């Protein structure tokens, strides 16, 4: 996978998820691993080979895999279901809604290869999984930004009682250099870079690109904050409202359609809070894509540092809109 | 179905869809009707009985029904697929995404019993179908507000080349008394009541409730506009931006989760346009519901004239926020 | 609800000490129970005036056989982790499950007076909000998958718990049923027993007029299940089939039980109305028919069943 | 793409006048075409260094039989509404379809030099952006449903058009396949012919190590299909089976074709690697093996096939 889907100066790690899941399962006997014929591609070969008695391959049958996981959760297990984001979300949505979200079954769904990180083409690209999962009551929705967050997230998911959907890149993932933003708590967003002129709310692979963008903007005198919104639901509204109000210029950046995901979550939140600010979305512009390298696709579909920089500049060139509509204090 | 899910002074009609579809099919031989064991409940018994050779019951197999429809569309037919909103959206989402939305297949999906209009309980209540369908590129998403719109919509769907998702109540539906807002064009929103203090953007059954709310607010001196957003996608952005900018107070009202549907669409649009306004959502507050009469559920989950009135009052009591952030003119 | 299950699983110290055995009622008592269930169904539906009545009457013998002979359950402790699980995959047929659960002592039958009313947990299409209901299966075709999850977990935990699922024949049109069928066979889940309620009916009437299923038993056999074809109204056959399933090793069992909607009420039997009206007069007539055909001890309904004591 | 189809359908005047007949190539020529397809597959995958290579080699005989004998197609007019439809349900195996389409004259083989490159329409997991590809089936288990739609429409329009679908054996784990299977039988779609590519492999290797399918032919029979079990590398059997399917009335046909991944390359044959590496040396060796075993006229690939003239 080409490194240009994250900031070029970011070091990387391999298979953060697969290792963390085995580590977790060694501690907690109720962890079971459920697959749908994508064991290698979801880094769960390690689990299969070291804890085979708690590894259940359901075959290429995502709907059934979710139902099986829900049944096991009702019986007391903590199932992690592993498949591609696109199949977890599109193919088994009714099953997730009714057997996982509604009963608050303790099922964790790990969806790999979100957005345009896969050369698998339109059928493999989950460009609306955040929209789908966010629309479900009771569902926590997370997207860790680097290997450390992935590791922490695996443990956080198990500690969280109830359903969680996590989307993450497989294989090689970035390791963020700054200490900030590597922790992971469900329900928290992390200010990874301070700034007073604008804020970039980013998730997943877009976080390192956002940091890069902020650095570039700093060189032209714009002081831009970056928030790693690693939990999309429940959203840490207070933090988002506060920083948006302080900066008055908001850009969202996600490896996802601009409809229904982070961009929408932020727009809903700020609109409802009555925050006066300029706002722009960076993301996939409501279009299907094709199969190609992630680097090519990120470039073609505008998931780049440059796109974020441009969005910040565009907002910044508009009329200043710094004053919050009403004062907001952190809860 | 209890009349209290729409304004109490609204007359009603029966099976507007079923009749219109047969009428259309008589004119156009490429119309085919595809069902999934819900012929009566989707008003297509009339089609089955009058044009049996173009009626295909696929049985209780929604995924297959969508695939079959897509194949027929590729061969030149115009399939209308009829099932409950919840099964059309949740159960066959991958199939709709890949076989209908991506290839822009000329398939029309009619989803019945949206939101809380069904006593069928949580498994039958489509509270996030708009979120799902809106997240799909190429998909038009519509929700007619009354029998006249339903009738017009059936024809508009057939005239529109490409995929459309329509959600609508079955059986008894309101017939709006004013002439305004009964037309139906894909991509248009209809100003059904003028007003300068606030605007209610509503869709489907919430439109008559919004009109009622506006009337109640008029009695206390608030001049509230109502827009029937019968197309959620593509949204008539210019109209929405203009009226929001003019009134400065925006309430959205939908028989749907407040996440991902009309409320989100409006928030995205206004945020991006830089419109300064107060904003509130009326809809299902990110929760699953249960089986009961529509009247009971609409009351319990806040889909009422009163809830809309309250939202308008709340906004109105805040600081005035009338000036648009930048001037907007109608396109 | 799953929450309670989780608590149980997390703190085994809290696990109840009560024995948990099959009632093993004989044919006669199961028949009487089936009659009592039918009466309760009729009374419950009559209050609303319509409902999934014909399926309920048709399935009453299956429910009686399961809940009064086969299943290891404790109505006083519906979340006992050692219990057998029984999943009604067609939640729209919940009225027969409610009637059965009331008869079995999960809750007083009077509670069913709120059936179908606004605010009642006894919804027309049932959910797990009702005591004793193991899941929410109004979206059809999902139950068998969840049953597999229970069965896999029981095996993992080495408990005796068996899992039962009652499938609507229309659900065989949903592909998920076959995903589950293949997985259950692949995992050799002999602690899983499926009863297919072959009533020949779906929403629009006769299945054959909608989308014919073709050969049913042959399908389950081809999917690797141990299949028994029985008359779903013959309680003796039902009990035997359940016992054989219990003794079948290495494969999941499917009992294909032919039932007749509305059975045995003369004027309802064999009608294919998916959601049927029931006037007060019809309800009375139906109850009278049951009274007439019932043996003298028709008042069985109120006695509490006592489990046959067997080693745990 | 569907758009073109719609145009065709909307304006019958634009329908082409060219004949549209099966090539009806004999066993020998089909074999040579299969060889040519394999060569193209090897050359194409070699450029990328890896791919769904073993499946492609295994399925080459099936593709040759379909595209060089059975199908009524006009490469010059890929949207001719009268054409037979052929759907590869496992779009990840598109390299064999691309090779076949190039060999059949849909586009120059040189175009495949961009295979798998950024910006190329020849994606690893194929889509309908490529000329001659009838749909986008990278999300597995969906193709057969679309095939039914084609078949129903052909019947409605009373055209001779037949529909063919090539199914991966792993797709039998997806429930949608069985939804489609049941519907095709219920509608007695004898203008539909399915070829199951029984290569015993899925992502993790052997299907039996993932989730065994159990009896395959028995399943399709139980679902009401006319089933033939054949050796998917025996071109004679393939052609015969396709002819029998064409003559089978009242039921859809399933040809269960056992194939061997990597066939016939000695060092690839029988390996269960879902996404296999292919070094330049291996590609050369494989091509040399094909050369050695091929009959003298190995240069067939460049000749244009001429249809046997038959009444339209």
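Per-chain residue numbering starts at 1, and chain names A, B, C and D are given in the order in which the chains are listed.
Heads up, the rule we're going with is that a contact is a pair of C-beta atoms (placed from the backbone, for glycine too) under 8 Å apart; a residue touches a chain by one contact, two chains touch by 3 or more.
On a predicted model such as this, the values are computed, not experimentally measured, just so you know.
Undergrad: Chain by chain, through touching neighbours only, how many steps does the shortest route from chain A to chain D take?
TA: Shortest path length, in steps: 1.
Undergrad: By CA centroid distance, what chain is farthest from chain B?
TA: D
Undergrad: Whole-Å distance, chain B centre to chain D centre, using C-alpha means?
TA: The answer is 42 Å.
Undergrad: On a C-alpha centroid basis, what's the spacing between chain A and chain B, in Å?
TA: Result: the chain centres lie 30 Å from each other.
Undergrad: Please compute the C-alpha centroid of chain B, do the same for chain C, then give the distance between them in whole Å.
TA: 38
Undergrad: Residues of chain A that touch two or more other chains: which are they?
TA: Those would be 58-59, 61, 63-64, 86-87, 90-91, 94, 98, 102, 122-123.
Undergrad: Do you know which chain C residues sit against two or more other chains?
TA: Residues 136-139, 173-176, 179, 182-183, 186, 211.
Undergrad: If every chain is a node and each touching pair gets an edge, what shape is that graph: line, ring, star, complete or other?
TA: Topology of touching chains reads as complete, every chain touching all others.
Undergrad: List the residues on chain D that touch chain B in their complex, please.
TA: Interface residues on chain D, with respect to chain B: 1-3, 5-6, 8-10, 81, 128, 134-139, 142, 144-154, 156-157, 175-176, 179-180, 182-183, 186-187.
Undergrad: Mind pulling up the chain A residues that touch chain C in the complex?
TA: Chain A residues touching chain C: 30, 32, 53-54, 56, 58-59, 61, 63-64, 66-77, 79, 94-95, 98-99, 102-106, 161.
Undergrad: For chain A, which residues are in contact with chain D within the complex?
TA: It comes out as residues 37-41, 57-61, 63-64, 86-87, 90-91, 119-124, 290-293, 296.
Undergrad: Which positions of chain D touch chain C when the two form their complex?
TA: Touching chain C from chain D are residues 172-179, 182-183, 185-186, 211-215, 218-219, 221-224.
Undergrad: Taking the touch rule as given, give the residues of chain B at its contact with chain A in the complex, in rising order.
TA: For this pair, the touching residues of chain B are 86-87, 89-91, 93-94, 97-98, 101-102, 122-123, 127-128, 131-132, 134-138, 257-260, 263-264, 267-268, 270-272, 274, 276, 278-281, 286-288, 318-319, 321, 325-326.
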